[in-house]
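In the two complexes below, chain A is the common chain; its partner is chain B in one and chain C in the other.
Take a look at the complex of A and B:
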């Protein structure tokens, strides 16, 4: 059972180095190398989570068989589920099944996990992507406006509001949003998800509050970071003075010169936060009754459905690792110093 | 250059001053500290094609004084006096009008070319930006002009360098790019703020020769800021020495080096290392520290470090007075005008050649 698995891994490695050779460009080599490392990280996470789940107390087979089952029935079920094998063997069994496209089935509902994920992943991805875009769409213009006149009325207002929002945990914010927009104003639904297939507008309305709950604290954090970085660049960098001495106006100096340079620091922060954003969906989906991966993970964890938990955690990890991979590659694309390598 | 849009019309050429500064003062207000008197009454003129060197140590107010002209100082700076570009008053000008002057009529080259170019923008884009700010021309013409400027500053392989980034260039090449940026709109006044300080000696000479050559061809008035009196001796027509935000000596380069009068200028000259002096000879230095500009002394600012100081120096500040036409200094006890020229052997030169 071990052999094909290792083969698979080896082949993945081969493919990436082949990719590197095929394209002479340093960027493609970088992409190939980083992709290979990312796959290794996700694989390592799967092993770690598997080990943690295996170490969890409780007898899944006995729970599954029910209260009145005989010892024999429980043993049968244990064999059926493959739980009679040692954990290492079980892990490689699971891994080889994964490479065949079989993610196993839920211990509770018996449904294939791939089907469950296919239903739920789009919901979570929609929340994460929208929250990501919205947080940046708020943070970037607000930070630039605030940095235009540091210490001015707008800047001070932004600092106070963002500090307040940063201090509020997103689940508290979620409940406040529900109270205001769903209960008092009756503008938006408190719970429930309308799939995209039923129209884009109803879909967007249904995700507005959860997206807001995820995006607002993030936007506050990004705003503070970016504003601080912009002010720092504006005050300390000589090329800002060069730009001003050319006759460039304040907005041009901010966007073309300061923001361009602050965007690298911003990129790092955004990459680091994506893992947190994805993790945040677990609570937010629960509060707003979104049929997403987060709820699936939570229910799986509460009911001891370890195959479900394993797959959910791996997907979350893969999203976080993938986001950081994209961020790293963005550096290479955006920063000429990395793009061309140093002298 | 028919597309140029000069905001300040140059009247009849000749001896008229391009830039005329009169009694310029800059005071920085500071939170929780007494105000800082950075520049205390500065007056000078620069004519087209001429070079004025403003010499002084760190904190003497030389950089602040030129930034005041360009409106590049923070709002905490209170600027008074007058600075006229031809007939246009620069002090107190609103920011929008100032932006049309900056980079167009007055341009500046900064000290450290490694820091004064934007690392994320290509050389071409940074020159193009300066061109576009003041010339209403199309994209293609902007690019052509940028390449033309790179050739003007004698950057080898200009077409290729156009697409490169600052980190791909050497220090000297970067400073050439900075000069290209400064010359984008054919300025009347070019301010070189320690423009060669961060460069090695060979590159420094090349950049200075380039500036002199471009000045001859374009007729630009140059204000060169430096702490290096030897550099001024080689490349400036006039030298103005500043101490504690005031001018202590101001003369034509030749005259100044022939008969230095102010003890501070003399001390600066003695601090220049010289060929012909045995190695390991200790250089003369100026003891003490520059004056604290938050409490301006009653008398002469230099007296605490001056060998000639007397009681008068402590109570009355000497005024900058003309001792002969074109030569002025501010001192109660000046050094002797002629005779003692032991300190005047300064390095290679072009403009001050015959005297050294």
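Take a look at the complex of A and C:
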């Protein structure tokens, strides 16, 4: 029905079996276990990325010392940066510093990474949250309207438009938006970010195009998913028949009965999407010159600034893992079959 | 499942025929387009009288479409746009086909073995995949691509790291459904070794599902490769790829707006075709 990304397709098939296994234990044990596993996964990612970055070719100390630096100067700098230690020792030094709240500093600018993240994380979070709100605000009404009459003219139109939008990569969509709204119509700025402190309206205007570039494909994806799920529920569930035979009107059946059920599947998909969406912000932030975490990661990767890359990747991974955790737990809270440990 | 479907209306034969025709068209049009695209991209450079896609002269820069010898004009470096489009398509398709084939074989094998073996093996493999999947994929790809330097093999490697866990999860879920079937027990009881059960009984049963997923995967990988090349981390310039053509088109947006259009359209139609094909194959198989 939809064309989600690789991981989404792969994971949705899995969900029921995971829930099946987890449903044997009471809610609190489930929460504790899942939280523990999530922390373990983020920790494993930090180790994996550290190993990857350590294995990458390139000598940061030599690059930073400059062309004319003598061998001693390079060695001094290497010792200063802690790069003379073996990777395993460096990892544990880094880890213990993190537990003390010290994320290290950028090799290039020398600024503490916590300061950089504090500046940039809000920008990325704003883009991602707005994109989610906008895409759901479009997708839910459109999907419900389309599911009202499957195969009708509105439904077909929605399916064709959403299929086409799904095939447009977000970087192409971003350029299209720039051409139309910034170059031709001159309505919105092509690039640049105005912080919230300079007023909410200028801020919203500056993020309109990037948010649209993120939200439109997402809305198309959610619409197709929700519409498919609604149609299936409407056609196959006994309680929908019951509601109809009690004399509930078609809209009431759609909203009160079918949509409530479909919102569970929707929740899963949204949770799985968050990881992909924060990853997708890298290109969008780059195109629109947004001072977010994605650009920081990209610049860090391009300049070999491994402490910055490490922290960025961990934040991205933690957001993705955290979103999945929240979705799993919300599932447990919302679905009585899981809450009471019976299936 | 509802016992009786009160809402079903009788459908006339002509409506049925029209919808069957529409379904068939939705498979054959994208399939035909993709076959044509592959023929042009893989054979075109040898058969068609195309100029070289690189090393153009500044004297020919930014010619409009329809110029003699350059049907789609030239870019700001004076290279023929059509030639770059075809060569770029060849690298995009080559990368996507390679990544998906390797992803399918390795990921499918990991998933099937994991599900079939069960127990500790399964738990360890699944936790490892959990970690890989928790990575925001593009971020992982950027780190790999940058670390190893942009090149075609690096691009392929980076994208495989993203493809394998996804296929493995899907293959595992599909295998779990198959292993509970009676014919698997029958094969085991008749003394077939595990590898034989996997290859002869499980593989053919999970293959259709994986293949329809592969079509969606082609679209996803082509978009991801385009994104990498767009960021300058994929196919290294001056070699053409749709992604880096879109990037250079963006740089020259005000001077030659058409330059960004061609690779974007190529990307759109290719991904759309793969998505349509994947969805329709899946619908056929699930009988919807």
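Assume the second predicted complex is superposed on the first by the 313 of 343 C-alpha atoms of A that agree within 3 Å, B and C clash if a C-alpha of one lies under 4 Å from a C-alpha of the other, contacts with A are read in each partner's own complex, and residues count from 1 in each chain.
To be clear about the criterion, a residue touches a chain if its C-beta (ideal position, glycine included) is under 8 Å from a C-beta of that chain, and two chains touch if they have at least 3 such contacts.
Just so it is clear, the model here is predicted, and its values are computed rather than measured.
Engineer: Using the superposition on chain A described above, determine whether A:48 touches chain B (first), chain C (second), both, or neither.
Structural biologist: In the superposition, A:48 contacts chain C only.
Engineer: Quick check on the superposed pair: does A:237 touch chain B, chain C, both, or neither? Answer first, second, both or neither.
Structural biologist: Both partners, chain B and chain C.
Engineer: Of the partners chain B and chain C, which touch A:278 in the superposed model: first, second, both, neither?
Structural biologist: Touch status of A:278: second partner only.
Engineer: Is it chain B or chain C that touches the larger share of residues in chain A?
Structural biologist: If we count touched residues of chain A for both partners, the winner is C.
Engineer: Going by the contact rule set out at the top, does A:302 touch chain B (first), chain C (second), both, or neither?
Structural biologist: Second partner only, chain C.
Engineer: Quick check on the superposed pair: does A:248 touch chain B, chain C, both, or neither? Answer first, second, both or neither.
Structural biologist: A:248: touches chain B, not chain C.
Engineer: Could you say whether A:261 touches chain B, chain C, both of them, or neither, answering first, second, both or neither?
Structural biologist: Only chain B; A:261 stays clear of chain C.
Engineer: Regarding the shared-chain residue A:166, is it in contact with chain B (first), chain C (second), both, or neither?
Structural biologist: A:166: touches chain C, not chain B.
Engineer: Identify the residues of chain A that lie in both the chain B contact region and the chain C contact region.
Structural biologist: Correct list for chain A: 237-238, 241, 244-245.
Engineer: Looking at the complex, which residues from chain A come into contact with chain B?
Structural biologist: 237-239, 241-249, 256-257, 260-261, 334-337, 340, 342-343
Engineer: If we count contacts the way the header does, which residues on chain A are in touch with chain C in the complex?
Structural biologist: Going by the criterion above, the answer is residues 1-7, 9-11, 13-14, 17, 41-42, 44-45, 48-49, 52-53, 55-57, 163-164, 166-169, 171-172, 175-176, 178-179, 183, 235-238, 240-241, 244-245, 275-276, 278-280, 282-283, 286-287, 297-298, 301-302, 309, 312-313, 316-317, 319-321, 324.
Engineer: Residues of chain C touching chain A in their complex?
Structural biologist: For chain C paired with chain A, touching residues are 1-2, 5-7, 127, 130-131, 133-140, 142-144, 146-148, 162-163, 165-170, 172-174, 176, 213, 216-217, 219-220, 223, 226-227, 230-231, 246, 249-250, 253-254, 257, 260, 264, 267-269, 271-272, 275-276, 278-279.
Engineer: Could you list, by residue number, the parts of chain B that touch chain A in their complex?
Structural biologist: Within the complex, chain B contacts chain A at residues 70, 72, 99-104, 107-108, 110-112, 115-122, 129-130, 133-134, 165, 167-168, 178, 181, 184.
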